[in-house]
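Comments concern the structure below.
For reference, chains read A, B and C in written order, and residue numbers begin at 1 within each chain.
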């Protein structure tokens, strides 16, 4: 790439040294406008985020910002510094949601490089980071681990970097944060339409979320822009014409949101996302694809509270095949005898929600 | 359809028994963000909804929520319970707009099943419902009759249902609600750009609204999602590939809105929608279609007020043909001698607006 | 065109006589929702418009409305009266940004016809206008000159009009307005991510803004509708099928915004747009086009302030060719020996920004 002058072409593997601290630019005041766009782009219906009366009945000041919108804004905020030159987003883990975010709050984020591992070939390397998002009072709203495969600026010079950290498989129950103002005593299931409580979800149970929803170029672009995510894979049709897929790829977080909001049908009472334990974006999603989703209940977690418990869930999104009526399994065995994701599966998200107990 | 677990596959004819009362889930706090999206999706320009100063001059606290946005939100709210398995939306009538809605108000809705009629074939049936939308203080913002053709869960078992109610052809003048805070004394036509008053509209007069506007998939999907309308005909490209039209159909309410906002040019002073008397969506609208609109003035209704009267109007939308320059009539006679809608006509809406009198 | 009844088919050359004053209809209360949509449609990241804390640190009450969003709303507001029948937007000049606009402010606009010049052929004519936008307190937020090529209602009758005004090439430094509340003492470049100050930009310097972003039909339509710009070239797919380009053309202002927001990468500290000196939309932008941008630094302007100076910049947008890696010059010489814009160049904007000085 030629000189771009005062513009930034993004960091490379060599720039992201272990211990580096980055205070990301462009904090973001989240507004009612962002909430409306989130609804229009994802079909969000969880009442905590669109019904001020319901939110107040649960102890909040007003409707809160959708947990995933908080995730996308904090994540998007890190892209210019961390992943503009990422070859691949390898994974994320230990994603913990903190205090409630209200319209009007301003989110800023900070990333620490935890460790790195150069690839055998020497021309790329994985980088592990921890990002923390905070509101204008410095309170933590989100914290997550993430690792990305980075291009090297100078592929010919070995760095010897090999200090990758451990990544936890699951966020421990003791690390799940519940906003102190939340009181589920007055939780009214007529508002959510949900008929099932924490006790009703059995590990091993599967819920098909019935609907399918198509994704358009304008939609995933508007979503990624709303989150100020500048990753070129979502926008630069001209440059991507010569890429592996030959076209734009929807931001993986948009697919998470679409699947999560589809899952309202069957998980109506899941009042809050507490954690992402880990996730895999097994295939890309393109404009025109129709997304379906199912949920497998993995675990019922007792939080030692009277009013609610946690559910660990696997949210699976598939494209252009209805898992409720077509033969879509999570994994398939290829001709080579190796197991891999079903080609229709685009997302495998292991996450934890807060669910009221039967009263 | 196989078991979907805890998700809801929607109600069928058998579920919607006469007398059933449904308090719909997911109340909706309407915000400034929703208003902006409504403008961006429909080209809305009526100043009452985008000019706080004008709204205050008419007695309102601030700009009010567009009447049609209120309609779409209340209507969309009923879809998961009423029309998810609807084969067709057969009609609506007696649609009355109530008190003004402000950004920040929370709308919830309630539906009563009024009656049913099983089809001769026995595999479907029509269901008549009354839906009432209210704000957080319980004040009525909207009320309407609607009838839908429903699939039966068990087509083989006759229900004998035959208690369809009467539906009025028109909302009576005495039933038209005008917000008590509204005072048109200070109505300033410079703000609207309108040059015609109630007295100037003559029954029989036609107004061509000049412009045409194309509809994109992303736009009608975002509109329907904004209204939290989950009807699969608007979203599920994959499943619809095998349907009659082979593709997604724009939400009919989006077409009403596009046509209504086109009609600003010629009806600039129509300060409020008072009622829908009835409407027919005579053909589907697809992405890529360009919508044009004309208005026929049906009736000038005296409201026994000094400041304003009502106009009963027929709003017709046509696609991909400009009625001002091409030969588009409302009705045509087919080769079979039967009269039907012109194939370009997509909407025939009989509605009533409030119009200031000449001062 | 046949009679359209009470609708307005727009003004013609004959209607826009020198000295005509037009108070445009439909004032617009700008809201948080508009700001969110602007971000989602243009990828805006300038913190003054999305970070309330940063805005307050600079002396503002809260985040301000993006300067270009103000421009688009005021400009769009004039379209129904001025340019509905424009054959071409010939140019604009002396575009001065005035006092800060906050969410909740209501903008209205007023246009004066300054002069006209009939074309030699007699069937068209250029009209020069001055538009001023004001907030609800009557304070000027924007003022600009603009000239358009208009159709004549009666091409056969000569008007003899020939009183075109002079248009300045540049807004003089003494005419650049800086909001009185703005105090850059506390300007924190960590918030913007910018590393360069006023003193660091050298005339002759070029900055390539690295990214490219594709534009979709739904996006440019939503943008133009958000600004209540009714120009049919952006919307009427049906009528445009028979036009020169055979399709919809993106609103030129949307292209300015996309390019300006791309330029954040390299101009992060450009805290405010002070003026447009002039601009040329050298080629149309269509859905599917990918926009790139570069900036040439034209001049460093001393404002006799301690905290900031102005930069005069040339912002160039190109489509479907990356100027950082492909051979895209501003101008090329054709086979006929005449110099013209490179066919990939879509925008050449000469504008002035406020930039903090190194502290």
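Just so it is clear, a residue touches a chain if its C-beta (ideal position, glycine included) is under 8 Å from a C-beta of that chain, and two chains touch if they have at least 3 such contacts.
No experiment lies behind these values; they were computed from the predicted model shown.
Colleague: Fitting on CA atoms only, what is the rotation between the copies subunit B and subunit C? Please report it in degrees, nearest 5.
Modeller: Rotation angle, to the nearest 5: 120 degrees.
Colleague: Taking all residue numbers at the subunit A/subunit B interface, are over half used by both copies (same) or under half (different)?
Modeller: The interface is built from different residue numbers on each side, given that under half of them are used by both copies.
Colleague: Provide the C-alpha centroid distance between subunit A and subunit B, rounded to the nearest whole angstrom.
Modeller: 36
Colleague: Can you pull out the residues of subunit A that are in contact with at least two other chains?
Modeller: 31-34, 36-37, 216-218, 222
Colleague: Applying the document's contact rule, which stretches of subunit B touch subunit A when the two form their complex?
Modeller: Touch residues, subunit B against subunit A: 1-9, 23-29, 31-34, 36-37, 80, 104, 106, 136, 216-219, 221-223, 225-226, 228, 230, 232, 235-239, 248.
Colleague: Quick check on the complex: what are the subunit C residues that touch subunit A?
Modeller: It is residues 31-37, 39-43, 45, 47, 50-54, 63, 190-196, 200-201, 205-214, 216-219, 222, 265-268, 288, 290, 292, 320-322, 324-325 of subunit C that touch subunit A.
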